[in-house]
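As structure tokens, here come the structures.
Each of the next two complexes has chain A plus one more chain, namely chain B in the first and chain C in the second.
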Partner chain A sequence: MSLSDLTFFFVVALTIGSALYVVTSQKLVYSAMALFFTLLGIAGLFVFLMADFIAGTQIVIYVGGILVLIVFGIMLTNRISDVRLSHTSMQRGVGGVVVLLIFAGLYKMISSAPWYLESASAPESSVKGIGKLLMIEYLLPFEVASVLLLAALVGAAMLSRKSKS
Partner chain B sequence: MVDYFLNLFADVSWLAAMPAGAQFLLAALLAGLPLFLFVAVNAIIAVYAERKVSAFMQDRLGPMGQGVGLHAGKWGLLQTVADALKLILKQDIIPALADRKLFILAPFIIFIAPFVAIAAMPFNQHILVADFNIGVFFLLAVGSVGVIGIILAGYSSNNKWSLYGAMRSAAQIISYEIPAALSILTVIMLTGSLQMQEIIKAQSGTIWGILPNWFIFNNPFTLLAFFLFFIAGVAETNRTPFDLPEAESELVAGFHTEYSGMRWAFFFLSEYANVFIVSGITAIVFLGGWQSPIPGYMDGPFWGLVWFFSKVVFLILVMMWFRWTFPRLRTDQLMRMCWKFFLPASLVNILGVGLWDLLVN
Partner chain C sequence: MNDLNIYLTVGAILFSLGLYGVITRRNGVAVLMGVELILNSANVNFVAFARFGGMNLSGHIFAMFVIILAAAEAAVALAIIINLYNKFGTVNVDDARSLKQ
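Then we have the complex of A and B:
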């Protein structure tokens, strides 16, 4: 087993292990903290797919943005206004069956799909390719997404504004 | 650097006989260990410099050796070394009602972020631990990991001051990340690369035959971007005038109120490492990194190291000058400055650089 295999299995174990902890932990803060390692692990998987830019984006958006907001929300409700926060996993049996079914379906699909295999060499820079695709081929979805985000931003500013009554 | 060591190992017979994994780990260790020492030494020197600079600004002497013998060395040179030793020996106190696991984890997360970031910084033409394709973007991405540690520290301490400090810090860092990233974008638009060495190489030569072709002098918009990035960077390091998260007069020490001894030292190490990183990125992106200020003269790798460090030290001194001369901002002023001035200015900047690139170049 080569070093990159070892690293790969370490990253996979980190991702799956911490993801398991996210759903089984009773304390919400611990779940959020485990999510931190899950997201880092996913960024690591992107590195293995030679998508370095996506890995960076994953960290900026999910760790630096979304996870911070989640922890922020927990802090505001839990420690400041003394709401007891705990979550338990309910109906583990049914959930387990559903998960197994999804896993079997995915496994069947992945093992039977004809994958397009390219000789493994890292592209010169993935950023340029992504930029060109976003600006030429997928310009419309890109612009629509940005308008959607702008609308969300204006909506959030509207909601948080003091009413003038 | 890792590749360099691997190549070196191939020539040594007993090293080449080791399994590839062990070789890689050894090479990574050889490249990474000096970084750790660098972070520690950087903090010791910076703390001493800060105490002396602040003392001179306030017409004091600062740390001095007193009495007979070497109390704190000549001019108090050993003062921070003694402080560091004291911190290592101090009792480690964890509050009874603190969340033990998170309390222990938090300083490590805060420390890892700047430590990993330094790995992507080119010190001169050759000294660079890891040359990433997405260099600058990597630095920004890693910078956002530290916020999690700060929030955790505040949360797990079970202390109102810590909690308020952590929340202020998170809000501040997330807000100022946006103008900082957008200001760097102006330079990336001109170079067309995220790689650190490419950005520095794009700044060789002169403008009008006199000025070095650094991005700060390139056009009016990058000049503005330099100031925007540097000020936003100071805000991200939580230093005065942006030190609301640890405002002594209101919050005792903010998010690290409950920490002591070595764990507290980690906060300090990472603060000074962050100061170095912000100054380093500014020097690399806007001030030409290891490029000589007189293009064509004193250009070798040794001079590259000298130029890079003199630029960084200059910027660190500017940050100390900020700290000891400006009063602290209020939270609302801080947020207004970011969202109503910095953000629009950096957006206009991007438009401006695009137009400049089209029309002038």
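Then we have the complex of A and C:
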């Protein structure tokens, strides 16, 4: 077993273990911290998949943006004097069974489907190709995404403003 | 380790865990964390198919759009949750049953 395999299994274990902690921990702030490690592990998986640009984007946007937003959300929706920033789960048994069934179906599908495989050498950097695709083939979705972000910005600012009435 | 099935299985596990979080959590912020896990599992699948389908970079573009949508969705969802908290004094999604106070 080579060093790269060991690193790969470490990253996978980190991702899945902390994802498990995210959904089972009774303390909300611990969940958020575990989510940090999950997102970091997924960025590591992207590196293993030769997706350097997506890995960087993952770290910048998820870890730097969304996770901070979630921590803000936790802090703003719990009374700070209320020491236990905890939360409960419901219907764990039923939920677990349903999710296990769904996972079993997915796993059966993954292991039996004849996937289209084509080996190709990884490019030195995916940034150039992504830039070309984004500016030529996917230009319209790219522009629509910017409008969507503006709409989300305005919507979030309007929703979270204190109403004056 | 270069095998498509491993990445797809990791994606499926992440999806299942995210779904488990969405259906069992009662705190709105925790539900949002489950949604983020589900979106990330889709991203892993996109990038894995891109890698093993002949390094087709379109999969990377899709993953990037998913990240953009997740950012927009997180901002709006948290604004809604904070609004919910200001109106009802709780972020329990089971208690948010009325459109008006």
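Rule of thumb we're sticking to: the second predicted complex is superposed on the first by the 141 of 165 C-alpha atoms of A that agree within 3 Å, B and C clash if a C-alpha of one lies under 4 Å from a C-alpha of the other, contacts with A are read in each partner's own complex, and residues count from 1 in each chain.
Throughout what follows, a residue touches a chain if its C-beta (ideal position, glycine included) is under 8 Å from a C-beta of that chain, and two chains touch if they have at least 3 such contacts.
It should be emphasised that the depicted structure is a prediction, and the values quoted were computed from it without experimental measurement.
By the touch criterion stated above, A:Gly56 is placed in contact with chain B alone, chain C being left untouched. Within the superposed three-chain model, A:Phe72 lies in touch with chain B and with chain C [touch as defined at top]. Shared-chain residue A:Leu139: touches no atom of chain B or chain C. By the touch criterion defined above, A:Ala13 lies against neither chain B nor chain C after alignment on the C-alpha atoms of chain A. Legend: residue contacts after superposition of the two complexes on their common chain; A:Arg92 is shown touching chain C, with no touch to chain B. Once chain A of one complex is fitted onto chain A of the other, the partner contacts of A:Val154 are absent, as it touches neither chain B nor chain C.
When the two complexes are superposed, the chain touching more residues of chain A, out of chain B and chain C, is C. Of the two partner chains placed by the overlay, only chain B lies in contact with A:Gly64; chain C stays clear of it. Residue contacts after overlaying the shared chain place A:Gly129 against chain C, while chain B stays out of touching range. Within chain A, the residues touched by chain B in the first complex and by chain C in the second are 53, 57, 65, 72, 74, 76, 126.
For chain A in complex with chain B, the residues that touch the partner chain are 2-3, 6, 29-30, 33, 36, 52-53, 56-57, 59-60, 63-65, 67-68, 71-72, 74-76, 79-80, 125-128. Chain C makes touch with chain A in their complex at residues 1, 4-10, 12-21, 23-30, 32-34, 36-37, 40, 43-44, 47-48, 50-55, 57-58, 60-61, 63-65, 67-76, 78-83, 85-86, 91, 94.
Those residues of chain B that touch chain A in the shared complex are 20-21, 24, 99, 101-102, 105, 109, 132-134, 137-138, 140-145, 147-148, 151-152, 154-155, 158, 163, 166-167, 170, 174, 177, 192-194.
By the touch criterion stated above, chain A contacts chain C in their complex at residues 4-5, 8-9, 12, 15-16, 19-20, 22-23, 28, 31-32, 35, 38-39, 42, 45-46, 48-51, 53-54, 57-58, 61-62, 65-66, 69-70, 72-74, 76-77, 87-92, 95-96, 98-100, 102-103, 106-107, 110-111, 115-123, 126, 129-130, 133-134, 137-138, 141, 145, 148-149, 151-153, 155-157, 159-160, 162.
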